[in-house]
Amino acid sequence: MTNSQEVVSPQHVKDEWFRPLPKKQGSAETVVRPSLSYWKDAWRRLRKNKLAMGGLIFLILLMLFAVFGPIFSPYSVTATDYPSQNQPPSAAHWFGTDEAGRDVFTRTWYGARISIFVGVMAALIDFFIGIIYGGISGYKGGRTDSFMMRVVEVLYGLPHLLVVILLMVIMGASLTTIIVALTVTGWVGMARIVRGQVLQIKNYEFVTASKSFGAKSSRIIRKNLLPNTMGPIIVQMTLTVPSAIFAEAFLSFLGLGIAAPFASWGVMANDALPVILSGHWWRLFFPALFISLTMFAFNVLGDGLQDALDPKLRR
Amino acid sequence: MNEHQLDHAKEQIKERVDEVDKSLPVGTSGVQKNRKKSKKVRSDVKVLQVNNLQVSFRTYGGEVEAVRGVSFDLHQGETLAIVGESGCGKSVTSNAIMGLIPKPAGIIKNGRVLFKGKELTNMSKPQLRKIQGVDISMIFQDPMTALNPTLTIGEQLTEGLRTHKKVSKQDAKQKAIEMLELVGIPNPTERLKQFPHQFSGGMRQRIVIAIALICEPELLIADEPTTALDVTIQAQILELFEEIQQKTDISIILITHDLGVVAKIADRIAVMYAGKIVEIGDKRAIFYTPEHPYTKGLLNSVPRLDLVEEELQPIEGTPPDLFSPPQGCPFTARCPYAMEVCDHVYPSTTTKSDTHAVDCWLQDERAKVLQELS
Amino acid sequence: MQKYIIKRFLMMIATILIIATLTFVLMHLIPGSPFEGERTTNPTIQANLEKFYKLDEPLHVQYLSYLKSIVTFDFGPSIKKPNESVNDLLARGFPISFELGMVTILVALLSGIILGTIAALRHNGLIDYFAMTFAVIGISVPNFVLATLLIQQLAVTWDLLPAATWSSPLHMVLPVIALATGPTAIIARLTRSSMLEVLTQDYIKMARAKGLSPVRIIIRHALRNALMPVVTILGTMLAGILTGTFVIERIFAIPGMGKYFVESINNRDYPVIMGTTVFYSAFLVFMLFIVDIVYGLLDPRIKLHRKEGDA
């Protein structure tokens, strides 16, 4: 029934080969792939994703520049220098200057600080509110859960940016109010995801079983379940950052950004709009480039994490 | 199927559905019950000839040799069961016959599949489509996912018929109603307008079978058709298969890991391991005089009513990694009778009778001498 | 189905009520009243405001009268523009914004679905690679950046298309591209991933085993199922597009509602801000409601039949 090409043809089989094979202990098991821990495995897969790794490296560099960039710059973020206003990029001013003679290069790194701060804070606050709300909802279950989720459903239907605009108009534009406004509406998505994950944990049969044995359940949850359920939450956080950065830029663009002389990328882009047609392209180009690159980096990193952390795709 | 046969079949099936078979479809009770069927004269017409079929998949980790030289024939009206653990290549074999190997990841590296003398492996896709669903049909494992949730049962039943045979909408509908009756679904006329989620699992599997049979194929490939079903529903579906086969003389390839199912409806059994058929024979030979240690292991791992006192013995270990299949017999590492030769060379086929053949070094004269000595 | 519609309808009412209440509360949180004192200079406007908001009445009367005016689609006067009400502005601006939004979502749906489907069918191929690179870039580049680039290159440097106003179909091209790129990218990604998942389903394998043509399998079996997730995000996507019009209208000097809205933000014309927010929110929540019903119609599993079969 098989015609496969044998390395040794049956005619050449030696007689002395017909003796029992000494039992190799566990030889059958060795073919199984060595099991890596969840995080190591995820990291291995993330590392294979070149785009996501590129995004990660870019973000690390960006943060380093945001922290240390301004230190190496001879210019101040806020000090005006009218004689050298509206200069194109040059050796002295790498990214040019704005209408008040401020160095765009320096302002871009300050903008990075603000934009990333807004994004990361929004993601963290969303995470904490979401963990508490979603955790309670999922853990309690029953009526509490259905009531809490009904609330979430209604809030989910709110047009977020409109509410954010409304809040910003009332509270006045500042860094704090931007973050507050973004998180007031933003935590809902996280709460939904956390609740889903909590329900999933609850449904694992051995969790219910281990409850009766008491001792080891917290260990099981920490060692086996938490890593698996953290995946979607981490991905959601990674994707919250770029959307918060975008929202901040959007608000700045509507005139609701933080006030001059400080600048976020969105404020810089907004300030550049009136002068873009007079040829001062660098005013818009650099902040826009960094907004786009940062969002791109976070998006590809989020996608990569999604693939890397998905237990279904483990191989 | 003519009118008369159809009516008769309908009646019989109603009876069957009424008296639900409570007995578990395991062990030899099934064998004895169906002994009369095994005596059925074997047709000389070969519907399907598979010759040294080799299928590989390219994955990120390398090339997986899923099927490594499989050969068998299938006669008209015969049921061949392909048995083996998951990952042994049985589903890949059936997909290859059906022309459903996903390209470009999957490649048929070698071998021929002849359906009534026509070579299928090098056929163009449009040509193949004239055979798929018309001459060869397939039933999938999970009836909950095999039906499209957004189309009505009627649409899914008739679309194959309307694509392949130029049938009017009315005639197609009539035929669909007949098929639903045949597979034992009450109120077929109203049921046609319903969606899959309005049916239970067993009912859905009946619908899947009806869809597979509506173009009156000559070969039916059933990939684990009862695995996802309750035991009582399993029995009913298996009886439906027998019923249909008696009426239509259709040939069936049954892919399963469940020896109980095999005992119930198979005529012949092919045991697959690591991409190869290690033993093939008629049902009685495989159940009563198994030769390959793997076949024996499989039988020992299944509850049998005639061997009450013996304990169930699972086969220890796991099948080999098909990224780099072993040169010798793939079962060596798990085989209680393994010899040095097994590690070096894959055994050639030993013919035990017209219908029984096995790939094992224990069949070699030299091995027998050695065993008697020890 | 009826129960489903009623439930969704009640949720829509609840959401609109929350937004109306929120605007009311927020406006009253502003130190001093947003409608009094130095904010207005025109005595006619002041009189109109006091009359409309019943400022001399107690708070709950103000609230109820405010809700009543919303139900009757009356959003009161503007602070900055004498003799003009929010309704006048909406009547003038909204049709244009609506047109921009609708053209955008149609373009985004059509191109996104086609792109996503082709990418899924050529999974890991060159087209897939390019389509998904385009999609990530499309998601990452903010629409105002894209808009400025388009004006700079296509309108100013090459002089191919008009850069501003809203007077002919040709004028629509740039703003629609700027506004539709993000949504197109999102739809393309979603279509691709859900298409990829659908293509591995057993019912697609079964359709292949029936010997159906690939075109028929894609259109009849795969696409309909793959587009379900796309339908569910249409509501939130529309919200994104509508808020996007604020920016785009400003850049392209389109006289839509977005332009008035941004103006009102900049000169703190609170009644216009409130009125527009409530109107837009109600509109979006209503669209969300419509989308949910359409989804219910598309997915037979949501329907509640009288006869449930034996399932």
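Each chain carries a letter (A, B and C) given by its place in the written order, and its residues are counted from 1.
The rule is short, and it goes like this: a contact is a pair of C-beta atoms (placed from the backbone, for glycine too) under 8 Å apart; a residue touches a chain by one contact, two chains touch by 3 or more.
These numbers were taken from a predicted model, which means no experiment stands behind them.
Asks: Find the two chains joined by the most C-beta pairs in contact, please.
Replies: Comparing chain pairs, contacts are most numerous for A-C.
Asks: Which chain has the mean of its C-alpha atoms lying nearest to the mean of all protein C-alpha atoms shown?
Replies: A
Asks: Can you give the whole-Å distance between the Cα centres of subunit B and subunit C?
Replies: Roughly 53 Å, centre to centre.
Asks: Centre to centre, by mean C-alpha position, how many angstrom separate subunit A and subunit C?
Replies: 25
Asks: As a quick test, compute the distance in whole Å between the mean CA positions of subunit A and subunit B.
Replies: 48
Asks: Can you list the residues on subunit C that touch subunit B in the complex?
Replies: 201-203, 205-213, 216, 220-221, 224-225, 298-301, 305, 307-311
Asks: Of all residues in subunit B, which touch subunit A in the complex?
Replies: These residues of subunit B touch subunit A: 52, 54, 60-61, 68-72, 276-277, 280, 316-321, 327, 332-334, 337-349, 357, 359, 361, 364, 366-367, 369-370, 374.
Asks: Would you pull the subunit A residues touching subunit B in the complex into a rising list?
Replies: Interface residues on subunit A, with respect to subunit B: 1-4, 6-8, 10, 13-21, 24, 27-29, 31-32, 315.
Asks: Hey, which residues of subunit B end up touching subunit C in the complex?
Replies: It comes out as residues 98, 100, 128-134, 137-138, 140-142, 145-151, 159-160, 163-164, 191, 194-195, 197-200, 203, 208, 211-212.
Asks: Along subunit A, where are the residues that touch subunit C in the complex?
Replies: Where subunit A meets subunit C, its residues are 153-155, 157-163, 165-167, 169-170, 242, 246, 249-250, 253-256, 269, 273, 276-277, 281, 284, 288, 291-293, 295-296, 299-300, 303.
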